[in-house]
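Just below is one structure, and these are the notes that go with it.
In this document, chain identifiers A, B, C, D and E correspond to the written order of the chains, with residue numbering beginning at 1 in each.
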Amino acid sequence: MELYHLYQNNYLVVLMFLLLGILLPVVALTAGKLLRPSKPTKEKQTTYESGIEPFHQSWVQYNVRYYIFALLFVIFDVETVFLYPWAVAYEKLGIFALIEMTIFIIMLLIGLIYAWKKKVLKWM
Amino acid sequence: MIQDLLYSAPSYLNTLIFFALGAGLLMMVLGFVTYAILAERKVIGFMQLRVGPNRVGGPLGLLQTVADVLKLLLKEDTIPKAADRPLFILAPVIAFAPAFMVLAVIPFSESLRFSDIGIGLLYYIAISGISTVGILMGGWASNNKYALLGGMRSAAQMISYEVPLVMSVIGIILLTGSLNLVEIVEAQQNLAYLFVQPLAFFIFIIASVAELNRTPFDLPEAESELVAGYHVEYSGFRWAFFMLTEYVYLFAMASITTILFLGGWNPIPFLDFIPGVIWFAIKFSFIVFVMIWIRATLPRLRADQLMSFGWKVLLPLALLNIFISAVIKEIWF
Amino acid sequence: MDSILLSALIFSPLLGILVLLFVPKTDEVVIKWVGLLATLLPLALAFLVFIGFDQTKEALQFAEQYKWIDFHIQPLDAGNDFVISYDLGVNGLSVVLLLLTAIVSTLAAAASVWIKDQWKGYFMLFLLLEIGMLGVFASQNLLLFFIFFEITLIPTFFLIGKWGYLDKEKAAYSFLIYNGLGSAILLIVFIILYMKAGTMNFTGLSAYLSQSPEMLERLYMGEDFRLGLLIALLVALGVKLPIVPLHSWMLQVHVQAPPPIVMIHSGILLKIGAYGLLQFGVGFFPGEFEKIAFWIALLGVINLLYGAFIAFVQIDFKKVLAYSSVSHMGIVLIGIASLTEAGTQGAMFQVVSHGLISALLFFIVGLIYQRTGTSLITHLGGLAKVMPITAGFLLVGGLASLGLPGMSGFISEFMAFLGLFKTMPVLAAIGTLGIILTAVYILRAVLTITFGETKPMLISIKEARFVEWLPALILTFFIILIGVYPAILSDMLHLTIEAMTAGKGAMS
Amino acid sequence: MSSVPLSVYLVLALILFCIGLYGALTKRNAVIVLISIELMLNAVNINLVAFAKFGINPNITGQIFALFTITVAAAEAAVGLAILIALYRNRKTVNVDEMNILKR
Amino acid sequence: MTTQKLLSFDWGMMAPEFTILIVATLLSLIDLFMPNKASRKPLALFAIAGVVIAIVFATLQIGDPTGSILFDTYRFDAFALAFKLLFLFATGLILLLAMDYKGEKNWQYRGEFFYLILTALLGAMMMASSADLITLFVGLELLSISSYILAGIRKTNLHSNEAAFKYVVNGGIATAITLFGMSYVYGLTGTTNLYSIGEALTDPIVEQNGFLLLIAFVMLFVGLSFKIAAAPFHMWAPDVYQGSPTPITAFLSVVSKTAGFVLILKVFILSFLSGQGGWHTTILLELQPYIAFIAGITMIVGNVIALRQRNIKRMFAYSSIAHAGYVLVPFVSLSLLVFKATWFYLLAYLLMNIGAFAVIQFISERDKSEDITAFSGLYKRSPLVAVMMSLFMISLAGLPFTAGFIGKFGIFMSTLSTGHYVLASVMVTTTVISYVYYFNVLVQMYFRNGVVDRIRPSVGLLLVMVICTVGTLAFGIYPSAALEFFHNGFDMTQLLEK
């Protein structure tokens, strides 16, 4: 039961931190609202474009590279799903798991080399 | 004290106490931020032989940052007409909240710690990733070309360096056999992981600098190309929160580095009469200093170099490190 | 067991196909000769079988049996092994039909001289068709029967669709769909029988189905179930025969297909229906067949009258003949439905005789069409003056068709009605009306074509050469032979039909 | 603060799954469709983990299954996005309704 | 788990899988380090060699007793082996097609094509062997994800992109639904082992939660119906088949589909039928009428809509939907013949379908058209190809002396022996409908006139066509060759033994 309480309490703390993390900006901004002046003009509210009149929307297509990096990230980051448990339980798993994980990492590396060779990693 | 609380049955009182403790930490962190900024100015000014930053307000400039904050608080807050208003307002919150949340699991000493969850390291890595969303959101919501570009770059950079960061700590997990940060610190009683895992430390430091968007990896906010990056359109206190996020992250990153590689509150042999918290503070300060030092010394990278470096150097090295660690573990332990 | 004569007979057209493969496809004369000669081999073999058939034995002859497919179903009850064999063999019915097939095929091949292009493909398909037809009649196994039955579909589809007249493709599809459906139903019935009896062999199935009703009931083969199977069979084979509501495809085929193919189609393919009805319907389900005999006879009479009436108003001679086929198939149904020996004999006689007569008539139609480019009765007239020999054969064919004594048609109609009068006199009486009608429409058509004033466009037509009317002569010979000496057939059929109509099962 | 019963997790998962399914079937934006699929897969994860902890026979297998689901979902998402990018490059749209050049 | 334990597993049993894995890995590396402007055709030959070696390994395993490794998650039994051989054989043929495929600009420099086919094959083989939901799922996804990429591998081709995207979305939804079903199965039984599930489902506690089991069953079935493109979950198939490169269409319609059936047979028969509750009360038997309904609808939809198609690949998509319906029939009937009928039909389907796709690839590349009229006058252009195509069509239509006929015959036997007369009638009727569109191809080839030029297929395509022709004919005339092989080599009771 104690352990269960510990478990719950730990996450309660985390929850409190989340609450604080949200509260601080909210409180500070609300407080600021009372203090700061507010005299919006049209000029103030235009988008900044180094002094010239802004043109077009900015929500345009950006370079597709960004997506590809995102894809790469997804793949490599998710591999940790396997790497972390393996690392934690490594002592119990022993050499065989090492060999398996080596194969796994080699596969990962092949993926990396693939991306590399296909010039995905090149910016611009 | 906290330990007892953690083992007792959850109640509203407990919740309140946790809240108060968290608020205490928050205050502490804010204090840190205030003086970290000052320290950064001073150290950089000193290193770069600039006189200006050393002559700032208050005794020794101690009040300079406070004045800055007050100024920001009183500044008018403009939201561009073209912006996506709800997202624009939400973005700083989403950036800041996780930065503070990660502190929940960091043990500063044997007794001074908050949450002691079994998967502390995973929690840290998982939560810290959320900030990227806030930055991206801010950049996008501004509806400004610089901001968008800055936001995108920042996101690309953060996710690119997230991978080596995540991979580099696997060596430590391997050696410890746990994700719990306390256990990791305790495992370093004899020898800090800095010496066992130098490669991992190297990767981790570089990746964390990149994660923090600090020079030489400060492309997202490169003044000379992008004006100010993702927060061009932010002003007043909203802008302050992005700034705050960065420094709170600096705090968190320095803490986690201390814990992972420098042995946390473990004293140097023969000096164990000094309390753990002090040891922690010393190591922590050292890391912060190194970060500032790096900023003062190195020029900014080019965007393409940045990406290539992350994927082509750090990631293979990190993978290699996993393998080396496993072999070391197999042979020595 | 040791004779391979039947296999040799069935697959002998393959030799022709192989030879044709190596003939250049532009070489018209060689191809046609090879095609014709290739049909002589099965003809010779069929004669051998016919002559070698021992009329005094009721048992299967020239039987062959090899293990072919084994699905290895664990037998639910011992004794059934669920093996499908390659089973061949002939009884009285099949031996007659085999010979008929061989004869008509050879003559149709001879008639194929009129084919204008793509001779190579034509003859290869033609020979393939012959394999299918021969196989159907020699099979002693449901699967084999079915396979050969389906084999006939593919070449026929092509032969109609490629070498036919204007609406050929529609006719080909119509043929395919109707017969496909028919054969599909057939397949279901066959497999149900297989799964119940554990064998596909005709003899084995007869034995299985002639168990006591109580026993069959216990094997989940109750009376209603058997009746259902029989009706399904009737539908399936009724498409082929064709029985009236299912006949529309057959008209299209007869009108659109090239003459030699119509000869084969009308002469043999339709008879598969009759053969199947006798072999499976009467052979496997004698008791149930008796129950619905009246309805079958009724269908027969309807076929007879309907075909005759419609034929009466047609102006295209091909259509007249097509409806007359419908009408004549009615007689087959009547004969079978009578379930007397005489009636069944009559039905078989009708099968053979109609095969010969319709082959003759369609041959003549083809000949005329070849010369005149038309088959409309109104366009043809006074043909006797320009083409006396052809017109003569037409007359002979027509008379044979309406059942003139001394020709095969008379014998078959007479015997079929004789049988029916014994069991269902009223229906028989109505049916005889059909015979009169037949006489009327045949005479109307034939006389219009042969006599009267010669149409101006026909004046310059040349008489057919000897080789061209030789097939007609041969067919006429057989028609008259059966007409004056029916024993040549009845001796063959006697024992088998006796066994069938006695309700003992076909070959037991 | 008592422990949360299994059924709550199951209902949550079911709701998420239904939202995902609805989104995947009705949304016009291709990215949202892909995200909806992820939602469905995450509903599965909730189920698996809930069963692994509070199920009739609680055991670790469910969590392991969830790990595999996560990775596979990531791979699927990556492939889906990559294909979408390729499609976008040629077609300049991510609108599902406009993906109709086949059939014609 | 100790090292000894792991080493004690008989890894040699995985030889075919390892071969494929190693070849795929090597291929990917070779491809990466080959000069950019070197043709990738040799890679195909290498891949084929790998498949052949794997076939040899697999053949050597015929008749081996049941074995399992990795704590019974991966099983080697006759069932797995029989289907693995099908996969390997089909993939070998498809690689031959792929070798001669001319995709888009710079296509000959694309090596991914070949090793992704191998990884997909590996997934299918894993599915055949796995005895655990997790392994099964991983295999399924390895196959699916590889197929998604393969479908969209012509990056600059809009059809290909669109096909791939539709495939991903539909496949993803299907995966999610299947998984949701699996999660309930796991929740009810607390295990992911197929055999243990079968036992655990007889537990009374499952009966109390009958509705959960029902949801699980329905979801699993729906998800898997997506994979085999059974109506009403077939909508993706026509688009995907049309847009994919032709060899991949062949792959999807043969290997993917077969794998789907392997999954269905395995999961449902092991988990939902083999429980100790016996043969009378299991949920599979209870829901049989609904599955029969799906099978019937699938046959009708596939065959009827195929009639209207002008695009040959689309027509084949519907035809393959119809065939999925046919193969579901023995599963519905669950007679003693279920494995044999399914296996033989899939073998026949493999031969005739791949053969047909070889011809389609040949013609559509030659004429840059996938319209059915591209076939017009084929008999004059290349009589041999036309005759072979006719044979495939006749076999697909299920006419005699072809493997397709015997396959259908087996299915009918399986159906009628358990008295599913209605289903058999639907199958028979739809088969007859299918004559129309299959014969339509023949009509184009023989009756219509098209371009007049002599054309010759490349060696690879010709080889595939000839192998398929020989197989279709041989198994049609003497099916015992395959049936005896199956009967003697593969003892299906191995699947059921624990």
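Simple rule for what comes next: a contact is a pair of C-beta atoms (placed from the backbone, for glycine too) under 8 Å apart; a residue touches a chain by one contact, two chains touch by 3 or more.
As the structure is a prediction and not an experimental result, all values here were calculated from the model.
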item	value
Chain D and chain C - chains in contact with each	E
Where chain A and chain E overlap in contact partners, by chain label	D
Chain centroid nearest the full-protein CA centroid	E
Of all other chains, the one whose Cα centre sits farthest from chain B	C
Pair joined by the larger number of C-beta contacts - A-B, C-E	A-B
Farthest chain (mean CA position) relative to chain A	C
Centre-of-Cα separation between chain E and chain C, whole angstrom	43
Averaged-CA centre spacing for the pair chain C and chain A, given as whole angstrom	81
Gap in Å, rounded to a whole number, between the CA centres of chain E and chain D	26
Length of the line joining the C-alpha centres of chain A and chain D, rounded to whole Å	19
Contacts with two or more other chains, residues of chain C listed in rising order	none
For chain E, residues that touch 2 or more chains besides their own	none
Residues of chain D whose C-beta touches two or more other chains	1, 75, 82
Parts of chain D lying in touch with chain E, wherever the complex brings them together	10, 13, 17, 20-21, 24-25, 30, 33-34, 37, 40-41, 43-44, 47-48, 50-51, 55-59, 61-62, 64-65, 68-69, 72, 75-76, 79-80, 82-84, 86-87, 90-91, 96, 99, 101-103
Complex contacts: residues of chain E adjacent to chain C	336-337, 340, 379, 394, 399-401, 405-406, 409-410, 412-413, 416-417, 421, 424-425, 428-429, 431-432, 435-436, 439, 442-443, 446-447, 478-480, 483-484, 487
Residues of chain E that touch chain D when the two form their complex	133-134, 137-138, 141, 144-145, 148-149, 152, 155-159, 161-166, 168-169, 171-173, 175-177, 179-180, 182-184, 186-192, 200, 205, 238-239, 242-243, 314
Contact footprint of chain B on chain A as seen in their complex	2, 5-6, 8-14, 16-22, 24-26, 28-29, 31-33, 35-40, 42, 44-50, 54, 57-59, 62-63, 65-66, 69-70, 72-73, 76-77, 80, 83-84, 87-91, 95, 98, 101-102, 105, 108-109, 112, 115-116, 121-124
Residue ranges of chain E in contact with chain A within the complex	1-3, 6-7, 25, 28-29, 32-33
